[in-house]
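Consider the two complexes below, in which chain A is the common component and chain B and chain C are the respective partners.
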Partner chain A sequence: MNEYHPTRTPAWILLIMRELKFLLAVWKTNIASAMEYRAAFIAQMLGMILNNAVYFIFWVIFFDRFRDVRGWELSDMFLVFGVAASAFGLAAFLFGNAFYLSEIIARGRLDYYLSLPRPILLHTVASRSISSGLGDFTYGILSYLASGYCTWDGFGRFLCGVVLACMAFTSFMIIVHSLTFWLGNAAGFAGLALNAMVTFALYPVTLFEGFSKLILFTIVPAALMGALPAEFVRAFSWGALGKLFLGALLLLGLAVLVFHRGLRRYESGSAIQVEV
Partner chain B sequence: MRKFTKYWAIFKIQLINSLAYPAELFWRSIIVVLFLWVFAQLWKLPFAGTESGVIAGLTYADTLWYLMLTEAIELSRTRLIRNISEAVKDGSVAYLLNKPYDFLLYQLSTSLGETFFRWLLTTLLGGAMAWLLVGPPPDPRGWPLVLVAILGSWVLNFCMSALIGLLAFVTEEVAPFEWVYQKMIFILGGMLIPLDFFPAWLQNLARCLPFAYQTYGPARLFVDPSLERFAALMLGQFTWIAGLSLLLALAYNRGLRRLAINGG
Partner chain C sequence: MPAIQVTNLHKNFQTKRKAVGLRGSLRSLVRAEYGTVEAVRGLSFAMDPGELLGFIGPNGAGKSTTIKILTGILFPSSGQATVLGFVPWKQRRQLAYQIGTVFGQRPQLWYHLPAIDTFSLFGKIFELDDRETSKRIAFLAEAFDIADLLETPVRKLSLGQRMRCEVAASLLHKPRLLLLDEPSIGLDVVAKQRIRDAIREMASLEGVGVLLTSHDAGDLEALCKRVIIINHGQIVYQDKVSALKRTFLTSKLVEVRYARQVAPDFHIAGTETLKVAKERYGVKLRFEARQTPVEAVMARLSEVGSVVDITISDPPLEEVIAAIYEQAERSEAAIAK
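The block that comes next holds the complex of A and B.
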């Protein structure tokens, strides 16, 4: 008979702690492996910062000539670009395989993750780190600092918005790549979805009205990666935080569901020996 | 002339190869529809704010058709930089040295073969979208000139991409150069915004650089065809291609001297 222990930690918390420890260990290994090629790592990071800066010149030229887009100004673009770039970068750096999931599924390389006693999806997506992601993440912070919206509490909201936007973006990537379980290889479609998500997130949300705006919150939830976190960073509101949190959580739940449903259809590639 | 028949054959093989994966071809090309729709939303606002409906000599319809062509040129580019830099990094360039063809001309032939159908499909899908958004395309009498300009744009892109790819002889990582090159095309090449909308000093700078001859030149000729514009574009493309080819041959020969082959 079990005795009642009022201080005993619930099992689900222990489980989360265990998986978090595992996740930290995977990230540590990824960083150590990136550091083996230190020059390439630094070159990719700095290159990506420069790449984003050159791309942003488009908006500088546009707003220099046309001033505003239905109330959006250059400072708003700095802000939305900051949130979206940091969220994208964080996803690429921490969950790099979310960008390659179709290939992993189609080539039967899930075998390796299936053979280990860890959560398959988490292990798979966290097993790769894209070095340039750190450049995107850093550029996002620089862009936020340049936006004119920078305050101490604003920076806290920025980080919170970036984490939730990263969660929404990674989940979206997992969903579209998981279609490979049904379609054979959805890499082309996932590329299109990635482009759509990033393009919509990086353009002023005021451009889109009616049906197109509905799409930005549902089918291609780019608003969760750009406009909504940017709105939350500008000024705190429970409404914006609630929408962002709920959206990210729903997408994460859907990603886990779609991936595991698809996993039932997975056919082994007998690739264990290749990965070990 | 016989020397070039083998490159023509390589081009044809790659042309057929590019049709082997129609789904991939389609997904890569259909993205132009999305981009044009977003551009249409963005650009209708500045034009709605003018009385004449003209900005820097371009109408809203001109701008959309211009962007359709710049996007088609950009989206049809191949992974040339990565292919060349990988060949250098993994040493496979060494195994091509004893083959009866020139490495650079081989890469040019495969790149053109891979590009053609990508460009064609992107142009057809983008053209359909642009027509739907702003009406019929510009004067078709200028199209043959535009095709010649696009070919020049591909060759010019090859020269620049190959030069970046060959940087792998001297540097560990070429991806950052590739990203920045692509963004230079986006901005100074006028892919995202016609150079005519730039401030005067930036316009002058952009017109002096090779990027504008790859996207801006052909697209501007497409919406406003004239023999003078064509002649100026050809002169610019030819000058840059000649200069960069020379530099490319030099870089390739110097790179080969640095090549170390271990075993086989």
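The block that comes next holds the complex of A and C.
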């Protein structure tokens, strides 16, 4: 006799679905909160697009004068800027608290997240949306469209690259901010690290060789935010995708490890706080 | 099984020490010195399911630290604790589904959004389905009288209104135990009363146990059956609230108003004169009811002159608790000597 066996969804898929549902609810609340002040929300978004455009004019003037830097041209600059800006914007918009983690730890504001039954790190970083991030994200797409590498499959690779670069960047931010558990307050250091990451991600990667290039893949993994995803967008290669994926995954693993190690040292606090 | 079982709990914090001023800061930059603050020192107690237990103590007594350990926010330095059968710092997430928490100084409601949005988010966080969440919100809105407030942005609510919404939000997932850390902090008398009434009603309606920390004795009187008083991280007193009153509320306060001015050196045998007011001919005094019977005091007061008005009351519970703190500090100092 034939028996009907319904297909059972594996437990790990159910777990991911569960957390995604929760994440979606947090993001919806974030966006609702950001949109409470409609004019400020739109002004921040448009302001950031304008800000990026003004900054990029420097590179337009530079490449108009020098044509290329070790084979790196203006179109490459558009592409790398597109990936990095979108990745940065996505991180700011979806994981805004990754930029404020030091302050959250130092002021004892993890209490709120610790008293709720959700993954503490994910819940914390996803609980703030920086409106200007949407401006960065949009500017990144515009920059990609202007790069000359624009095709349908290229756009798919662009989105994939942006997601992995965002993962690497957010993880890096979590790692440096988590040092607050040991240093007391790592906000200043995290600010320096953020600047280094963004600056090096936007520089032509052909400028770097040997040891300095190694640093861009390890200590300040800016290559995972700019050069590597840009290379993947330019032309599909398993090598570039593999390096990008592995790099982002390693950084994420390290971020989770460092944060949870530090959490044992968390001391809470009694400052008055609000969820915004 | 007790709802909460705490055995010999300790929590120490490392604090940096430095001398006053710039020189001290520079010296500490070169060679930092650290000291240890013992926030909780060997705390042991149990709480029954559905019990209303007050955890009272002055600022810095270790109340909040204890509640944070019991919710899994902090790791203890040593000792054991279980809450509803879970070890809080090891099984934080499982425990969080079973308990509700309110930190008076740490609002959970999103500041810029109407409270209903936080309620909906909590529904998702605690994995309730949408229909269940709506039904529960409607029930809590009635119980806490907040139906008209739910759609107003939290930033526009008064502190009392916000706190009612906070406590209601913490009950959304029908917790078995409510841990309230200073829920009445900063509230006026009316707002305090309303929040206490709502908590008491919910506790009796749903059988939720309540562990309440406060430095307001009024919370204790209004809500709790049993009290634990802590100071400097140690229990200095624990018993039923009624026993506390019986043991410590032995003196009486008397306020008398006479028809005519009384002498400035007014004194009645067996009493202590606290105040002789010139205006309205009032006198305030205190006596020990065990040593001087009430009738005797009344008779002696009438002998002085014609009494227009008289009030006899117990001293405020705050005074009693303050006396217990002082007593504990004196005995600690004696042991140290």
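Everything below uses one rule, namely that the second predicted complex is superposed on the first by the 263 of 276 C-alpha atoms of A that agree within 3 Å, B and C clash if a C-alpha of one lies under 4 Å from a C-alpha of the other, contacts with A are read in each partner's own complex, and residues count from 1 in each chain.
Methods note: a contact is a pair of C-beta atoms (placed from the backbone, for glycine too) under 8 Å apart; a residue touches a chain by one contact, two chains touch by 3 or more.
This is a predicted model, so every value here is computed, not measured.
K.L.:
Name the contact category of A:L50: first (chain B only), second (chain C only), both, or neither.
P.N.:
first
K.L.:
Look at A:K21 in the shared chain and tell me whether it touches chain B only, chain C only, both, or neither; answer first, second, both or neither.
P.N.:
second
K.L.:
Between chain B (first) and chain C (second), which, if any, makes contact with A:Y112: first, second, both or neither?
P.N.:
After superposing on A, A:Y112 lies in contact with chain C but is clear of chain B.
K.L.:
After superposition on the shared chain, which partner residues are touched by A:A32: those of chain B (first), chain C (second), both, or neither?
P.N.:
second
K.L.:
Using the touch definition from the top, say if A:S132 reaches chain B (first), chain C (second), both or neither.
P.N.:
first
K.L.:
Which holds for A:Y266: it touches chain B only (first), chain C only (second), both, or neither?
P.N.:
In the superposition, A:Y266 touches chain C alone.
K.L.:
Do any residues of chain A touch both chain B and chain C, and if so, which are they?
P.N.:
After superposing on chain A, chain A residues 37 contact both chain B and chain C.
K.L.:
Spell out the part of chain A that touches chain C in their complex, as residue ranges.
P.N.:
18, 21-22, 25-26, 29, 32-33, 36-37, 109-112, 114-118, 184, 264, 266-268, 270-276
K.L.:
If we count contacts the way the header does, which residues on chain B are in touch with chain A in the complex?
P.N.:
My answer: residues 23-24, 26-28, 30-31, 34-35, 38, 41-42, 45-46, 49, 171-173, 175-177, 179-180, 182-184, 186-187, 192-193, 197-199, 202.
K.L.:
In their shared complex, at which residues does chain A touch chain B?
P.N.:
37, 39-40, 43-44, 46-48, 50-51, 54-55, 57-58, 61-62, 64-66, 69-70, 132, 187-189, 191-192, 195-196, 199-200, 203-204, 207-208, 212
K.L.:
Considering only the defined contacts, which chain C positions touch chain A in the complex?
P.N.:
13, 16, 64-65, 68, 71-75, 92-97, 101, 103, 105-113, 117-118, 120-121, 124-127, 153
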